[in-house]
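Structures follow.
Each of the next two complexes has subunit A plus one more chain, namely subunit B in the first and subunit C in the second.
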Partner chain A sequence: MSALLNNLNPSIKAIAVVIAVCLLTFVFDPFTPLIYGIVVILFTFLFGKVNWKLYIGYYLIICLLSIGMLWTSIAFADEPTNPEVTTQFLFWELPKENVTVALSLTLRMLTFAALSFMFIFTTNMVHFILSLMQQCKLPPKLAYGILAGYRFLPLMREELQQIRAAHQVRGVRRASGIKESIQQYKRYAIPLLAGAIRKAERTAVAMESKGFSGEKARIFYRQFRVTFIDWLFLSSMIMLLIIIVAISIKLGYFSWYKGQF
Partner chain B sequence: MTNWRLKEIIVMAVLSVVFGIVYLAFLPVGKLLVSFMGPIGYDFIFGIWFIVSIIAAYILRKPGAAFLSETIAATVEMLLGNAMGPIIIITGMIQGLGAEAAFAATRYKRYSLWVLMLAGVGAAIFSFVWGYFRGGYAALSTPYVISMLIVRIISGAIISGVLGKAISDALAKTGVLSSFALGKQINKARSVS
Partner chain C sequence: MIQVRELTLWFNEHEHPTINKLSFDLRSGETMLLLGPSGSGKSTLTCCLNGIYPRELDGEIAGDIHIFGTSIQDTKPGEMSKHVGVVFQDPESQFCMLTVEDEIAFGLENIGTPRDKIATKIDGVLQMVGLTAYKEANIHSLSGGQKQKLALACILALEPDFVILDEPTANLDPLAKQAFIQTMKHIQEDKKIGLIVIEHQLDGWVSFIERAFILSKAGHGVFDGSLTEAITKHADLFQLEGIALPSITELALQACDNNQAAFSKIPFTYEDFTTHMSYLDQTFLETTAKKSCALEPIIEVHNVKLSKKKQKILRDITFSWAGPSFIAVTGANGSGKTSLTRLLAGIEFPSAGNIYVNNRSINQWKQKELRQQIGYVFQNPEHQFITDRVFDEIAYTLRLRAYPEATVQEKVHQTLASCQLQGMENRHPYTLSQGQKRRLSVATMIVDEQNILFLDEPTFGQDAASTRELMHLLAARYKNGTTIIMVTHDMDLVDKYANRVVVLKNGEIVADETPTQLWERPHLSKWNLDYPTRIKLKRHMEGSHVCITK
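Entry: the complex of A and B
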């Protein structure tokens, strides 16, 4: 197991995933997403350093949800064009068309999840924002603003505890009933947001007083570059999809998005 | 970005990060509703996923606030673990554009409740068109799809428009927004009366 995926340029990795998802959106058969999903998971397994316990846990949740999705897309399916062509699905006799579409939607969702997990589990959030600024021309003002906002999250958790404690000290009793719990949400949310806005203002002043101008021509402590490996990864992700599509055309499984309106 | 003050950018970023978490927290709620009612379950609470663009635009009143805040919120949502992955950034951009369109139509001059509700409706329509192609709504029966659209539009107007305005006004009352467009407008109204 290597950490190749972890060391890729985060922007290129994101672009590769977005392109793959966009292409898959137009595929309407169960076979292609299934194979591609398996390939992506194998890819993550072979080339990534991932917290596997977390990965598997997350994926199981997605699988559970996808069963719900399978059910709803069969139950709420459009009128089939050939209702007489049926298939045995678990215990029911259902129109083949509906089952195929539902299966393809569900497997597609599972493949999307595999693709996005490949990205999330191998990418550091701060690196991603820095790379967006260096490779994708994200304005530094915005990038550092987002990083500052991200940094506020643990602080806000602390603040929430303080607000809760302050309420308790003053004898605010626990909410009971819908109306009171809405009131309670408001009592927490507004001070929390107000505190965050105050902090944001102070951070902006601090940044400006230390000479942050937001100019685009700046140097970086952590440099991100796009190398040959990044392009290789991008092209191999797309090539794999094309190869799988070619195989499924050959086997007669493939079905394109042809206006299933 | 040049006519934005750094203060405004950071406040927008912070709002987006906070609501990125709210967005993520509402996903299981949506999924629960979906498992009872089918895909339409999401549409009842879909307005929650546009709310930051309405709040940011209403507070800052700058071109691009709705679009940028929604995009950042979607990015944060992805980074914190949305299963949809980087594609959700594009979803966020499209929703943000929908809200932005409503503000642009008023040339960024009017921020009444109706305009905010219209922004929610705009985001709902844009997101529906996107969802139609990506989420495979095409496979659902037509009356069902139409009722999904109607429910989503109402949700966009009520949850993001009305609730978004209520949250922003409540924040303005605390005085933290005094150096931003919404706070200034309230202060002006107060000193006149």
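Entry: the complex of A and C
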């Protein structure tokens, strides 16, 4: 395993994923996304340093979801135009058209997941945002705001736990029923928001006293450049898709998306 | 230099100005203590000095501040940071990056430091504050003291002419606090930076800062001059405005009032003490051991363990406390003090072991009954408020118990009086001052006459007057038979009030004894603790010429 994927420019990696996702939406047959998905997972395996336990865990969740989706899109499919053309699917004899639509949707979802996981599991969030500022001209005000917010999330969760415990000590009963739950969250919301606003204000003041002005022209300590490897990656991701499309045309599986569902 | 001229500042919703006709000069390299009670406008002044106000101000400003000739009225965002840097009180909310290195780089990027110089500068400031080993560490993993040193490093990297420290050590344990002050002292002496220190506790700072500027509650500058002069000539001012004296000064003055001491110059530090003190009656430094009348076992703990996310927070804790007692729980930041008290109060549950409250396992108590036995005051009082009026806040528990309204009225008024909150009945809890909020949160926890009261760092962020009032209130409760269990870092409070002290280190109890026994131990610093002023002074006197008998 190498860390090639981890060292790629995060913005280019994101762009590659977005382009691949967009192109895939034009394809309708189940074969192309299936092969492309497998290739992407292999790619992640071979060229990325990834926390595999977590990867597999999340992927299994996606798989469960997609089985549910497969089932519902078969069960609640539109009336088929050619109901007599059927196919054997597991134990059932079903209209071929419906099965194709369902399989294509499901595999497409799994491939999208594989693509986004390839990005998420090999990218440092901070580096991604820094790179967005440098390559994609994301305004620093927004970018550093997101970074500060990213730091806040665990703090907010801690604070909510604190408030919950504090109210419990006051003798507030645990809510039963939807109405009470809503009321309870309303009560939590005030101290939570008051705390969050105060913290945000403090952080903003602290950032400004470190000289932050939100100016677009700035120097970056961690510079992200776009190199030959990045372009190679981007083009190979697209080339791969084109090759797979070509193969599936050759084998006769390919079809465009023409508003089938 | 900094020139403040007739500065007056109003916030929009406020009737009175927060800062009122303030004028002073601070030359480059000069140091100054900015003193005043909570709400006297110290932090507001900080915001003016580093150019946040008037730009971000919801209100009006009159008068002016010039920093090296530039008025704060015409500065662009971020520009003042080159001249004035600030370290704030809360270590959690002053960072926006994830790692130490990135955070320091952030400031340097902002002021346009050339890229090839950033790395050298980062290494330089990290060495200055002693954090070199943590360059690549995640900020989240640092201790409170390290976070404050990092905040200082970020500011120093920008090489400002002035640094303002806004209660930088309020959250720190005694050892971390001393370490921070020492670091600052060395840097100041080395770099000759102008320094403004805002603090409630002056110990340590007075060893190298002599000038004091005192703000009154109404935001007036009431004194500007040497601290010695302030204390000798205007001692009433400190009392009136609720400003704490350095603990050693306070002790010396008290002894003097009792005719048990004499000095040529008022002492601020231990060194001063040896030089200027001509005589001190040693009996003054002996306290009568606080007798404990604890009889009934109130909390018993057997082999309690607590782990979170594979991290051991408490390891195998066993003890038995009798009541009524005044118990202090102390130890380094992150040693498990808060976690322990939360388990004892039934807010969280242990991973293993048993806890008995009033001879009954905590699992057998119904939540409702347990709350009648135990009160718990959280670190942030606002977290505990649930109603919109001070009166309802205190009455809440009583109404839950369905007391007749007449009894509720009577009890609430009694509690308001004992917590010095009379006249506040109709205020919204959020609009109270820090000290009042704290007393209100205590009030809500004693109104039902709970016989065990936990407090998590109740004196944190409070000025001298609020601390005094709060401690009086707690001492009175203790006299009436309530067991008080207080998490604190303040060794003087432990010495003065507690009759039992529990020290935690890495989730284990390393000492559980009377304060007198604890002070007899050598090397409290291995637990990040310090001795109280009284004991330190006694030790210091043993090696000095100060006459100790009459």
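The definition used in the following text is that the second predicted complex is superposed on the first by the 258 of 261 C-alpha atoms of A that agree within 3 Å, B and C clash if a C-alpha of one lies under 4 Å from a C-alpha of the other, contacts with A are read in each partner's own complex, and residues count from 1 in each chain.
We adopt the following convention: contacts are C-beta pairs under 8 Å (C-beta built on N, C-alpha and C of every residue); 3 or more make two chains touch, one makes a residue touch a chain.
Since the model is a prediction, treat every value here as computed from it, not as a measurement.
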| item | value |
| --- | --- |
| Room on subunit A for both subunit B and subunit C (clash or fit) | fit |
| Partner chain(s) touched by A:214 [first = subunit B, second = subunit C, both, neither] | both |
| Following superposition on chain A: angle at subunit A, subunit B versus subunit C, Cα, nearest 10° | 70 |
| Subunit B versus subunit C as contact partner of A:249, first or second or both or neither | neither |
| Partner chain(s) touched by A:141 [first = subunit B, second = subunit C, both, neither] | first |
| Subunit B versus subunit C as contact partner of A:206, first or second or both or neither | second |
| First (subunit B), second (subunit C), both or neither touched by A:128 | first |
| Of subunit B and subunit C, the chain that contacts the larger number of subunit A residues | B |
| Contacts of A:108 with subunit B and subunit C, given as first, second, both or neither | first |
| Which superposed partner A:38 touches (first subunit B, second subunit C, both, neither) | neither |
| First (subunit B), second (subunit C), both or neither touched by A:226 | neither |
| Which of subunit B and subunit C A:194 touches, first, second, both or neither | both |
| Shortest span in Å between Cα atoms of subunit B and of subunit C, once chain A is used as the common reference | 7 |
| Interface residues of subunit A shared between complexes with subunit B and subunit C | 148, 150, 191, 194, 199, 203, 205, 207-208, 212, 214 |
| Subunit B-touching residues of subunit A, taken from the complex the two chains share | 14, 17-18, 21-22, 25, 58, 62, 65, 68-69, 72-73, 75-79, 101-102, 105, 108, 112-113, 115-117, 119-120, 125, 128, 139, 141-142, 145-146, 148-150, 152-153, 156, 186, 189-194, 196-201, 203-205, 207-208, 212, 214, 257, 259-261 |
| Touching residues on subunit A, where the partner in the complex is subunit C | 126, 144, 147-148, 150-151, 154-155, 159, 162-163, 165-172, 187, 191, 194-195, 199, 202-203, 205-215, 218-223 |
| Residues of subunit C defined as touching subunit A within the complex | 47, 50-52, 76-82, 84-86, 88, 90, 92-98, 102, 105-115, 118-119, 139-140, 151, 154-155, 158, 342, 345, 347-348, 367-368, 371, 375-376, 378, 380, 382-386, 396-397, 400, 430, 444-445 |
| Residues on subunit B engaged by subunit A in the complex (per definition of touch) | 1, 4-7, 9-18, 21, 31, 34-35, 38-39, 68, 72, 75-76, 78-79, 81-87, 89-90, 133-134, 136, 138-142, 144, 167, 170-171, 174, 176-177, 179 |
